[in-house]
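Below, chain A partners chain B and then partners chain C, in two separate complexes.
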Partner chain A sequence: MNIQTTNRLTVAEAALVEAYNEQLSDLPGDGAVFAARDRLLDDLKTGGLPTRRIETWHYTDLKSLLRNVPARDRRAVAEATAPLVAGSEVLVVRQGVADLRSNVDAFEIRRYAESLIDGSAAAGLTALDFDDAIGRINGSFVRDGFVLDIPADAELKAPIELQVSHGAGQVHTRFPVNFGAGSKATVIERHRAVSENAAFVSTISDIALHDGAEITWIIFQSQGEFDTHLGQIRVNLGKDAKLRLFVINAGGKLVRQEIQISVTGEGADLTLRGINLLGGDTHTDVTLNLGHNVPHTTSTEIVRNVVFDRAKGVFQGMIRVAPDAQKTDARMACNTLLMTDDGEFAVKPELEIFADDVQCGHGATVADIDDNHLYYLMARGIPESKARAMLVNAFVDEIVEELEDEALVEALEDVIATWLEKHA
Partner chain B sequence: MLEIRNLHARIAEDGTEIIRGLNLTVKAGEVAAIMGPNGSGKSTLSYVLSGREDYEVTEGDILYNGESILELDAAERAAKGLFLAFQYPVEIPGVATMQFLKVAMNEQRKARGEDELTTPDFMRRVKEAAAKLQINTEMLKRPLNVGFSGGEKKRAEILQMALLEPSLCILDETDSGLDIDALKIVADGVNALRSPDRAVIVITHYQRLLEYIVPDSVHVLYKGQVIKSGGKELALELESNGYADIIDAAA
Partner chain C sequence: MAAVQETIDQVRQIDVDQYKYGFETEIEVDKAPKGLSEDIIRFISAKKEEPEWMLEWRLEAYRRWLTLEEPSWARVHYPKIDFNDLYYYAAPKGTTGPKSIDEVDPEILKVYEKLGIPLREQEILAGVQKSKIAVDAVFDSVSVVTTFKEELKKAGVIFMSISEAIREHPDLVRKYLGSVVPTTDNFYATLNSAVFTDGSFVFVPKGVRCPMELSTYFRINEKNTGQFERTLIIAEEGAYVSYLEGCTAPQRDENQLHAAVVELVALDEAEIKYSTVQNWYPGDKEGKGGIYNFVTKRGDCRGKNSKISWTQVETGSAITWKYPSCILRGDGSRGEFYSIAVSNGHQQIDSGTKMIHLGKNTSSRIISKGIAAGFSENTYRGQVSTHRKAENARNFTQCDSLLIGDKCGAHTVPYIEARNSSAHFEHEATTSKISEDQLFYCLQRGIPEEAAIALIVNGFVREVIQELPMEFAVEAQKLINISLEGSVG
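Our next item is the complex of A and B:
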């Protein structure tokens, strides 16, 4: 006989179970999809939300941090806004519902809800591992999103903006994107709140870069100050594929962004850059799980954090190098600017290396603003608050400028400047 | 323009007193040289005047145009027209030089109730001033002072001074690390700013710079006090005899 440990449900867990029962009648999906949903929810119910005893959640004890989950709000509305970069192809998800425009020529597009209904989405409704709480939550509740297929050798001039806006309640989206061999594109995945009402958001982007694809993917999260945001990006990097992944967190009350990357083609390269702008009484976690699984692949990771008020941040960076993944070159750095005594940032870099001919390194720094820099700017007549903002800006701007695309750089610089004006 | 009265100042962190009862008056239009051996308090004096927070004034006062500036922070002093050209300008990665110049000029204008400069007007001023100092505008595209040679840093300081048009300029060992050609360019830049309503304090170890920026008065600083003042001939005397005689005479 199996010994069953029963999980006593927390308020948030109970709310999730109730939300599932309440939404059961109108969640999209065929039999296979519902079998997957049921399984994921059941695992969530028996296992509960992860606690600090689960290693990958040690610094983000979701069970205690997630106090409650708002019910789905059927009346909430969320209007779209202008794209981050003018001229982008904007694909809008309003309050969890994808708004499909018919006039996109450059690539194939369909609503994710359709693949739930016809069952083609069922295979993707999985948890990556026993600790994949985001996979479980999103798989249980996901309703819509976009499925994109970028044809081989397509070169998209304008960025694609996946604009996910919400007013309140719950929003669960998914974006499976296939980048054909040799394709080139920039995608901006943007999550935004249009109201201050609390929301519970989960989202998974599931992307594959085929041979030689060169993709820039931006995740720009600017949720409201009472919102929970659970994001995950699953990436498969094929032969000679190049991914520049840029994550910027500038909002939310409780945020976890997971980056799950599997490098499966020789010559593949990952450039990961992250900026966490943290203020107020918030908790933000960026967790990377990167597998260099084949020989001759490279990656660099730089995460820069600015912490104001009583904010807490976490960066976990796991790089695994498989036994035959010789000549892997991976470099990771995490730099934090702590602006107050009450702010916190936890950094956990991890290297698991099973090959013997590799170059891997990691480093972390934590500092305050350099007084010499501050004094120099002030001695030229720049008031202290402005001088501080300039220096914080300089700290994060270094990695924004690497993006090179001028319109994108300017747009992100504006995001950062606006955030700093409000919080610094 | 500047009157320093019985000034005592110490390092905030450990309480070491560096300036010990210093008196000095500099009039509008005057170029005053401050000389002294290592450790006499020259650089500390420049920091205290500029409002660096690492130093505390424990006694005395600094009057600038008749008003005490002790309560003003570095930015407020700069906006009132005080400028310190640093001995060691810091490198600030991530802050673009042009952006820094524009913010500094406009913040000072704002503090004085003037309109901000338009971008074309700003660009024109920078180009003109840079040309006079033989500064390559490519250099100004780099982050502030980052990768500048010693000479370039000093020229960039004088460029800032020319653009900000201060009424009291303090040059802290601007000659250190300069070759003779760069020294002449920098000195010409400073001389161009000489005017009846502007005062300049030149802090230096050596007479050499004073051949190019000829002072109206020379003051010898030792152990945090002015122990002797005189005309430009005092600098020559120091150059040939060293500080020992004057220190002995003052003791």
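Our next item is the complex of A and C:
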């Protein structure tokens, strides 16, 4: 797809190349890691950032949207905050540096920087395909994060919060997490800004669920209004593994959140729920690439979007069913409330099916608030603005409630209510 | 075991014979030399006795085409086409504008007879056909005959080949040609603009309801010949026209290229109904031969409350690349797209529609049914978008895919773009195989499996078949059954 010959670097591309040269001396890693980094940056340089001509980036032309990349800010500081859910096991990354104070008993943990230094991280520094700009950027620049290994049959009562805070400049993190067979856990991956300064953030969570693991993973992104967030979660679902993945976007100026899921064990199940709260002059893209690769697997996806102001939103949901993946059952829905005439939302729910004995479907709707609903509330003396807020809240709350865990539901409801108060 | 073998033999037999329009006719032809150049375009233009502006238009398109790249985004795979290894003009000898049917080569008349297309007006009137249909028959690069021209003329309707129209109604053609699909539109449309040889022209004046169905029948006969037809239909204020298009080609081992452009213009309160039964040769069961069908079809609802509806039944072609679209420019205009795409053998279909909402209070409806069998790939690709100023745009899209066998693929790629809060878009898509319950129900009542599948498939596509004019509906239903023959077993 890409023309490899002469890519004239844009300002942002040139800034990335320059940043690499500037950071080269203190990026962690052994020979193998640097070989991988060099390769990824080289591909980035020759291929350039993706444009709308690349099908998977059709609605997010990164080459033109990413105007500039701030240099690394060595002096920026980012303090941690209280966890979303009280009593969580909080693992803090501040301004891109993992802060490992003490070991945790329930599972194994180490800094990702260590695995870069000893070279064990090298194999993971790859791009998923030729259009994987996030894989390339993160692979070139990643410095730290956490490597977690949850032992088989472990049942973690308290959620783990991966709290990533940044002040300014560049932050590149990675979280390889291994969930042993039969383990149960809840992980909250949280990306937050502590200042108004622009930050350029890339992050990849690389998680494997072994046989029968039951995991809830929440991505909560609430970055600043000048921030670029390039996030990716790579998931491998083993036999009978169950993943509940919640993705909540409530911030950032330019956001691309990729969800790359490979279902490789029979009986595996994915529940994906997404909420995108979009306001201001922002661009947010959630792209799902889900592969049902073996027979007898199931998935449901529901994404709800609320668009205010001049915000632009994108949801691309690709479901692939491999030739032998018979009895796949996959259902996807994407509902959007477009609250203003200046807002935009583009949906591309794709099905790519090579097996015949399957049930797959997707639905997509885009509309404003239903006048009848509004009328119903207003007829009962509720002022219009309040009635609207109630309906928007109900629209996204329906999804949050599915989480069941009361403390978690309450925490997220708070987040949503605060956001809506500010934007609606 | 004997019974099983018998079934296999039967299926095999059907498989080879399933394309019944694959015969070839020996006819003396006038051909332009092979290849594409400005000289060839001048040759075509001269053959057609075209005015100077038309030649300039073609040459400009050609020069632009040279700078374009062949699109590669569609989910179809084929070896690179050598555009210089084709004949761009092939016409049966002595048929440049026959005055009446008696001047047409009897061999050609036989072809249409064999295809079941009525070209003799008296025969039609004699009750061979129940309702009247005016036919424009296009054979390779030229229109050989247009029927009922006189009768239509009385109603004020102009129905003739586009070459004739360029000569006889240059102002009308000049005003509308390229106004919906500009010469700069895309690779194939630009190529078509440079080399198009014939096609139909329809003009329905203000307030006229066209008294009969209009129809064009395309036949590619010559070897290594590309067919590039151009159709232009204009419905003035308050006019109505229903137009049918059919196509077949002989069975050949090499692939043939067909790159058409169809432009529809509907002014205030006008309605155009365009139906296609596309039955080009799909290639043999090994995937050898067949037509490459790269078509640009677009309707412009230019006037307020105008309506354009596309109905298509796609069963033929080795490769189909086709997205009949509606530009809903006029306030209150409406676009519809009903499609059945059946692929079997090694066919590849990438087809769908575009509904571009620009005016206020516009609405569109998309019903697409894809059926994939054998080793085929069947993709629905559709776009629904609103302009920022397009208040109250409504769309409903339903695309269902049915898979028969585990070696084929069905894909759905919708693009939904909302830029106005009053837009109301709904999209739903499903993919599944024929339900075992339904099949069991039929089998249990003694209906053989193949017939049962045909029955269920016909139920699956019913919503679209209903949109077709009567004559076409019967043909379409038969076609679908034929296309799927041999897909069980």
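Operating definition for what follows: the second predicted complex is superposed on the first by the 419 of 424 C-alpha atoms of A that agree within 3 Å, B and C clash if a C-alpha of one lies under 4 Å from a C-alpha of the other, contacts with A are read in each partner's own complex, and residues count from 1 in each chain.
The working rule: a contact is a pair of C-beta atoms (placed from the backbone, for glycine too) under 8 Å apart; a residue touches a chain by one contact, two chains touch by 3 or more.
The structure displayed is predicted, hence computed values, not measured ones.
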item: Superposition-derived comparison: chain B or chain C, residues of chain A touched; value: C
item: First (chain B), second (chain C), both or neither touched by A:G381; value: first
item: Partner chain(s) touched by A:F395 [first = chain B, second = chain C, both, neither]; value: first
item: Touched partner set for A:V358, first chain B, second chain C, both or neither; value: second
item: Chain B versus chain C as contact partner of A:L338, first or second or both or neither; value: second
item: Which superposed partner A:H373 touches (first chain B, second chain C, both, neither); value: first
item: Contacts of A:G87 with chain B and chain C, given as first, second, both or neither; value: neither
item: Chain B/chain C common contact set on chain A; value: none
item: Chain B to chain A touching residues, read off their complex; value: 50-54, 73-75, 78-79, 84, 86, 89-90, 92-95, 100, 103-104, 107-108, 111, 143, 160, 164
item: Residues of chain C defined as touching chain A within the complex; value: 73, 388, 401, 403-433
item: List of chain A residues in touch with chain B within their complex; value: 370-373, 375-384, 386-387, 390-391, 393-395, 397-398
item: In the complex, chain A residues that touch chain C; value: 55, 58, 323-324, 326, 336, 338-368
